[in-house]
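Labels run A, B, C and D following the written order; every chain starts at residue 1.
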Amino acid sequence: MTLLLLTILLPAVAGTASYFIRPHRWRRLLWGTTAALHLALSVTAALPMNATPLDHWIGMDSLSAIFLVLTSLLFLGATVYGIGYVAREPVTGQLDFEDGSLFKNEPESIFTGAILLLLAAMTLAILSRHLALQWVAIEATTLASAPLIYYHQNRRSLEAAWKYLILCSVGIAVALLGIFFIRMTIQDSPHELTLATLLERASTLNHKWLSTAFIFMLVGYGTKMGLAPMHTWLPDAHSEAPSPVSAMLSGALLNCAFLGILRVQQICAAAGMASFGGDLLILFGLVSMGLAGVFILRQADYKRMLAYSSVEHMGILALGVGLGGLGLFGSLLHAVNHSIVKAMLFLTAGNILSRFHTKDTTKIQGVRDALPISGALWIAGFLAVTGSPPFGTFISEFTILRAVVDQGRWVVAALYVVFLLLAFVGMAGIVLRMALGRSEVNRVREPLTTVLSPLVFAVIAILLGVYLPGPLADKLHDAAQLLGGMAK
Amino acid sequence: MELFILGCVIPIVLGVGVLSISRSKAASWIAAFGVWLGCGIAAVPVISALAGHVLAPLQIAWNMPGGSLSFGLDGLSAFFCLPILLISPLAALYGCTYLAHEKKPLGPASFFYNVLTASMLLLLAARNGLLFLVVWELMAVSSFFLVVFDDEKAHVRQAGWTYLIATHIGTAALLVLFAIMGRQANSLDFDLMAKAGFSPAMATALFVLAVIGFGAKAGFMPLHVWLPEAHPAAPSHVSALMSGVMIKTGIYGLLRILTLLGNPSAAWGWTLVVIGLVSGILGVAFALAQHDLKRLLAYHSVENIGIITLGIGAGLLGLAWHQPTLVVLGFGGGILHVLNHAIFKSLLFLGAGAVVHSTGTRDIDHLGGLIKSMRWTGVTFLVASAAISGLPPFNGFVSEFLIYFAAFSGVRAGAPETVVLTIGIAGGLALIGGLAAACFAKAFGIVFLGEPRSSHAAHAHEVGAAMRWPMVALAGACLGIGLLAPAAVKLVLPAVRVVAGDGAESSAESVATAMRSLTGIAYASAGLLLLVVGLFVIRRYLPRGREETATGTWDCGYARPTPRMQYTASSFAQPLTDLFRIFLGTRKRGASPAGFFPQPTTFETQTPDAAREYLFAPLFRLIDRSLAPIRRMQRGRIHEYLLYIAIVLVLLLLWKAGGRS
Amino acid sequence: MKIMYWALPLAAWVLSPLMLGIINRVKAFFAGRRGPPVWQLYYDLFKLLQKASVYSKSTSMVIRVAPSVVLACMALCTLMLPWGELQAPVTFVGDIILLAYLLGLARFATVLAALDTGSSFEGMGASREVQFAALAEPSFFLGMLVLVLHFGFSGLSDMVSGISLETWHTSGVLLILVGCSWFVLLLAENSRIPVDDPNTHLELTMIHEVMVLDYSGPDFAFILYVASLKMWIFAALVVNLVVPMHSLTPWLQAPVFLLGIVFVMVLVGVVESILARLRLQQIPKVLLGSAILSLIALIVRLMG
Amino acid sequence: MTIISVLLILSCLLLLGSSRLHVAIRVVAAQGILLGVLPLIRAVGDIHYGIWILGLSTIISKGILLPWLMTVCVRLSGIRREIEPFVGFGPSLLCGTALLGLAVWITTRLQLTPAEAPLVLLTSSFFAIFVGLFLMVARRQAITQSLAYLVLENGVYGVGVCMSLDFPFIVELGILLDVFVGVFLMGNLLFHLDREFEHLDTDKLTELSDLSAPATAVEEHA
């Protein structure tokens, strides 16, 4: 228990502290240390011997263990990248390369503090077993990440942050309504709104309230998670945020909202309403995949393309969870794979952006020529995110397809495959056009901090495609079990 | 079996190794050594499997959902290994010299080449759906990287894109295929799938998926669009490996799935026969219209895949009609043609590569007279040309003969469908053979014979030994299989047995007849060679010392011929391409000279791929256009975005909330 | 008896030049001329073999090897021809496929040799040759399919040896149709009128003759001899098909066979005399017509 | 509590119909105070310190601090004092009536039976939510949107009160803190937006869109 509390408090304290630390060097050191310590703490907490009882407000089951370690890992990667990133950013004003206006980054202390607080909020969101507490934490992630999005304080990032804040806040408010309704389901006696209580009394829950609650929470957390058509803020925010932040937003933060939905679905499944939520999730999943595919197809901005790809993958996750059974396992595995791959892609996109000074895909050629490592990572990431072997995404996407087919939902299967193809075709055109050919900028030696994290992520993505580590597999099976699915 | 896996792992390990010395000249040599070593090791179990030994399958646990690392090597797999084991090392050796002048690091290309080789071998041994798909995509991805080796050229990038999309569409079909099969069998292991027992309707659906999925790789018309783009774009030794070997994995996959699906229906056989005829005839027709040497060869791959498919279709019909002869000889001819095509097609690509390497152009109409400066390349290219046209005494004839044989021996007066089949196969093969001969008369004749049509061709030189000897070895193989036809057929029988199942047993007699005929052919071929040599010797001695005179070609009285007045590839093929003009859609640009003092004028023909031009491009454009309005939903207005949320919420509440209690 | 197998090939090798002489005499008769002696080709061959060769500077070894290849192919083909009930020296199931492809190989060699010279005239001829050959082959195989349907799939010798008066009685129309079809092929493959004119001197319009413009001396002798052998091979196929050998006593078969070949030659001569040469664009239609004849035969066989 | 509900409904209608920004801010402030009083009234029997703190902090944050922030915002940014609607005030009121109907319908459809509060409070809370959403969609200026968000939050809060939720004190505070920080951030952003764009019209914040698609990969390659 203390371990879990420590995991939450560490980044919170460090985040608050970094607002007050003046010297850059110390603040960056604090950032790095916190990230590393957090990962160590998360892993330790996830070890079987440190299991905690699950009936408190916070606790760690397999589901949260997976997401926590994943988040922590991504954060460390983003930290390694991010420290180099903020160090390279000029402190004085600079010219915007798109509209030519002058802008000035926000102070580094705010950036560092916000990103550490974001980590704290995410950790809390993952670990909390009280639905309202989880809501508080998820809303807190929105608030902590808004300053990160407008780090550059130029017109586009402000616009993106505004839309992010408004849309997510509205969505989250809707989710709060949903939580009220969940509370109504156990109206008969004053119990705390913890998962333990709800699951224990699952059979007695009022289905009518539960279905209403599910709808509110699906729309609410779905907004935050980026399910279409509530995803509209996502491409703006993810494309305008600094790349390490985009990586965190896409790789980790979306998962937190996803976890919120998972928890409701867990309750629904325990209450025998798995198919009610499942059908809605499948619907939203398909809509997200399809819409994202459409927007990927003619995308002019490669970071937006990645953002839409996140929407697509959130759709896949929702679809898998909606299917239940094997789909749950596939979906959770896919969440892991997608986070790692997407983080790697956003970090790589950051490298491309800082070298080519444009986000316009039509103006970039020969990334592989100019930035050999980033170019290779860019193509590898494209293959990974579209689900090609040997990357783990292939395994999980195929597992979800098998789940669809196993249930004999032929229309869903057909749409699923068509939408995957759509995204593939769209991304192939863009990524290949960017990566191949001769570049107009000179080849440079890439600093280690810019390529280390994406490289490590790429290696992990490949490893997950050929080998599933035992503990991870166990946790995934366990988590799928929690959600009511049996994994084959 | 472990030995086989070891043989697959070695190239990959050395491939990864050379990534670290990417820039070194030795990189490609070390990687090639890995291919040789790996293939050498893998050859041991393959040969023993072909010799009839049953190798114990290898099962390793794999904790991926539905996955298991199960490997096996039956007759079918072992036979399909042969082209890989033969071509891959030779092409690797060739590639070392071919790419030696490149300025870019060769490490990645060598790495992907090795991965491609290993993944093809693993694919043949894979006995689990998930494993199969992983290796399948690995193969596609590694070959994609090889295709875009020259990525500074726009057409290469475009070819890479086309290839990637085409192969991915095929893979999508395969994903569904294996998912459905896994559902039926409750496992992704092939053993269990074979016992699943699919209903006829389900089996037909699976068959269609397999044809789409594997056909995209193999190059069935109209899924062949990537071939004429990718093969010219890739470095020649890669084209050789891809065209000669990799596309055959599509055939392998189709056959493998057929073994799992149970009893075929006649409709499947007809489907394949029709696909075979269309691919064969139109493939060669398009080839005739090309004047890019490698593009021409790529279309010939489509044609030969058509011939292979004809054989397989005949075999399937044999299974459906319970005609053992048709089964064994149809499958036998088709599968043997896989090996034969691998040999001569890779030889042709290597030859084309030598030409490109030495002259710097692939345009047939700019070449000419190369046989005088590139004797080895010329002669081996000639051998391959004759072989691919199905002419005796080379290997192409042997497999085509088997397919003819199957068709003719299966024909029964009482069964009109057999007659239709035979008309299709015999007429089709004859037409394809005639057109192929025409096309290679053009390709060889214009490239290697006559006078150089440009300075490129005039300054050609013979290529180095590492490029020469692989070609000679392959030419030897062409002749060898032609002369040892019965032995080659013995090699293919284990593979046929896997596909044909019970049908193979009752066909001993027809196999024996075919064997006698093949023996006859082998003797006839040997006799032919002896006769040619004998006559040539006689001819040499006939003049008895009278001197040979060298003079100009008969010019019909026109005293100042120039090399540019020679017949060109385009003009040579024009009568035939005119026959097929409704399919080809050849575009002509230019004007004929007019007036008493005509100005200089140009004339140009271009034959883009019809399937690409009239099917896929409009389809893609249509999809793109119809999707465009959807993009209006993201036009930046936060009010609209909020409205979406509100509408979704209200709709869901109206639809679902409180509905049931 | 074994030795008798070789009689037909021997006859072909010795007598085939004579056959071209016969055609020429027939044509001369129709033209009201006396014409060259029937032995003329023998004289020509003898003369050419005595001569030295002239090669173009553009050529390579291809043109030097081609005559030998072509001749070897034809020689091998003659070994596969039966003689009534007398089997051919080389026979196995499906030998006719080999025969067709040997002819193909010969054509391939001729065409390449033509391209070797770099002459645009010879290129033109080669181009036409491959076009018409590609169309002729399916027609040939269709005719063969009729035979296979009727007699079962076996060697050429076995198939044709079964043709008797009885066969004529039951399915004479088949034999006539396929016979006609193959006779058209004979005209086309041997570059006779109406497909090609062996006597023309206008290079632009020729097919076969223009391809061999650059041969001289022994090479040209080979080529001329090959032309006569090829004519013999096709004539032998037609004769074997049409004449009911099975009904003849064995000692009559050989003379009748030879007479049949002479008759075919006379027929060629007559056709050449009374028909005009067709325009090049019309030739595919002729070949298509030949295929249709076989197809009709096929339908008759299936329906009858 | 019925009075509070009626006041809530009236305040929402006022928001829909008012054209003056500072009026709107004051109305929202009044709403905040009303809602702060709500828990105190509900728990009139046993008021413990938590409820006092909660009520007071609600009143302070929603009724005083945030409106003050908005006022400062309006003053400093020099934006126009009129609310600029997409949907005019008359039609807005009509829509408001429709939304009221919707709120009633939802309340009955859900068959909610709040234990310690009148049903009309629930209806009014839902109405506030809908009005909040409507204002966000139908009003042009950024500052109105943040006001509307507060209205929405107020509605959610009202629903919570109706359902007599006994969330732990910490959680309640957390929720409040989130809202507060959220609106605070919005205010902060408003300053930046004003500086960068020299206007606060969100319908002009459309630089980030997918309307200008380039020639696609498809067309270029095919």
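Keep in mind that, in the parts below, contacts are C-beta pairs under 8 Å (C-beta built on N, C-alpha and C of every residue); 3 or more make two chains touch, one makes a residue touch a chain.
Note that the structure is predicted; figures quoted are calculated from it, not measured.
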Pair of chains joined by more contacts [C-beta pairs], B-D or A-B: A-B
For subunit A paired with subunit B, centre-to-centre distance based on mean C-alpha positions, whole Å: 43
Chain centre separation (subunit B, subunit D; CA means) in Å: 66
Subunit A and subunit D: spacing of chain centres that average the CA atoms, whole Å: 28
Subunit B-subunit C separation of Cα centroids, rounded to whole Å: 36
Multi-chain contact residues (two or more partners), subunit A: 162-163, 166, 170, 208, 212, 235, 295, 297-298, 425, 428-429, 432-433
Residue numbers of subunit B (touch at least two other chains): 161, 624, 628, 631, 634, 638, 640, 642, 645, 653, 657-658
Multi-chain contact residues (two or more partners), subunit C: none
Graph class of chain-chain contacts, one of line, ring, star, complete, other: other
Pairs of chains, among all present, that meet the touch criterion: A-B, A-D, B-C, B-D
Partner subunit B, residues of subunit C touching it in the complex: 49, 51-62, 65, 67-69, 71-73, 75-76, 90-95, 97-98, 100-102, 104-105, 107-108, 111-112, 114-124, 126-128, 130-131, 133-138, 140-142, 144-145, 148-150, 153, 203, 213-214, 217-219, 222, 280, 284, 298, 301-302
Subunit D-facing residues of subunit A, complex: 101, 103, 130, 132-133, 135-136, 139-140, 142-143, 146-147, 150, 153-156, 158-163, 165-166, 169-170, 173, 176-177, 180, 183-184, 187, 190, 192-193, 208, 212, 235-236, 239-240, 295, 297-300, 304, 360-362, 425-426, 428-430, 432-433
Residues of subunit B touching subunit D in the complex: 158, 161-162, 612, 616-617, 620-621, 623-624, 628, 631-632, 634-640, 642-643, 645-646, 650, 653, 657-658
Partner subunit B, residues of subunit A touching it in the complex: 162-163, 166-167, 170-171, 174, 206-208, 211-212, 215-216, 218-219, 223, 229-230, 232-233, 235, 276, 280, 291, 294-295, 297-298, 326, 329-330, 333, 366, 368-369, 383, 386, 388-390, 394-395, 398-399, 401-402, 404-406, 408, 413, 417, 420-421, 424-425, 428-429, 432-433, 436-438, 465-468, 470, 473, 487-488
In the complex, subunit B residues that touch subunit C: 368-369, 371-372, 378, 382, 386, 389-392, 397, 401, 404-405, 408-409, 411, 413, 416, 419, 422-423, 426-431, 433-435, 437-438, 440-442, 444-446, 448-451, 513-514, 516-517, 519-521, 523-524, 527-528, 531-532, 534-536, 539, 542-543, 546-556, 561, 563, 565-567, 571-576, 579
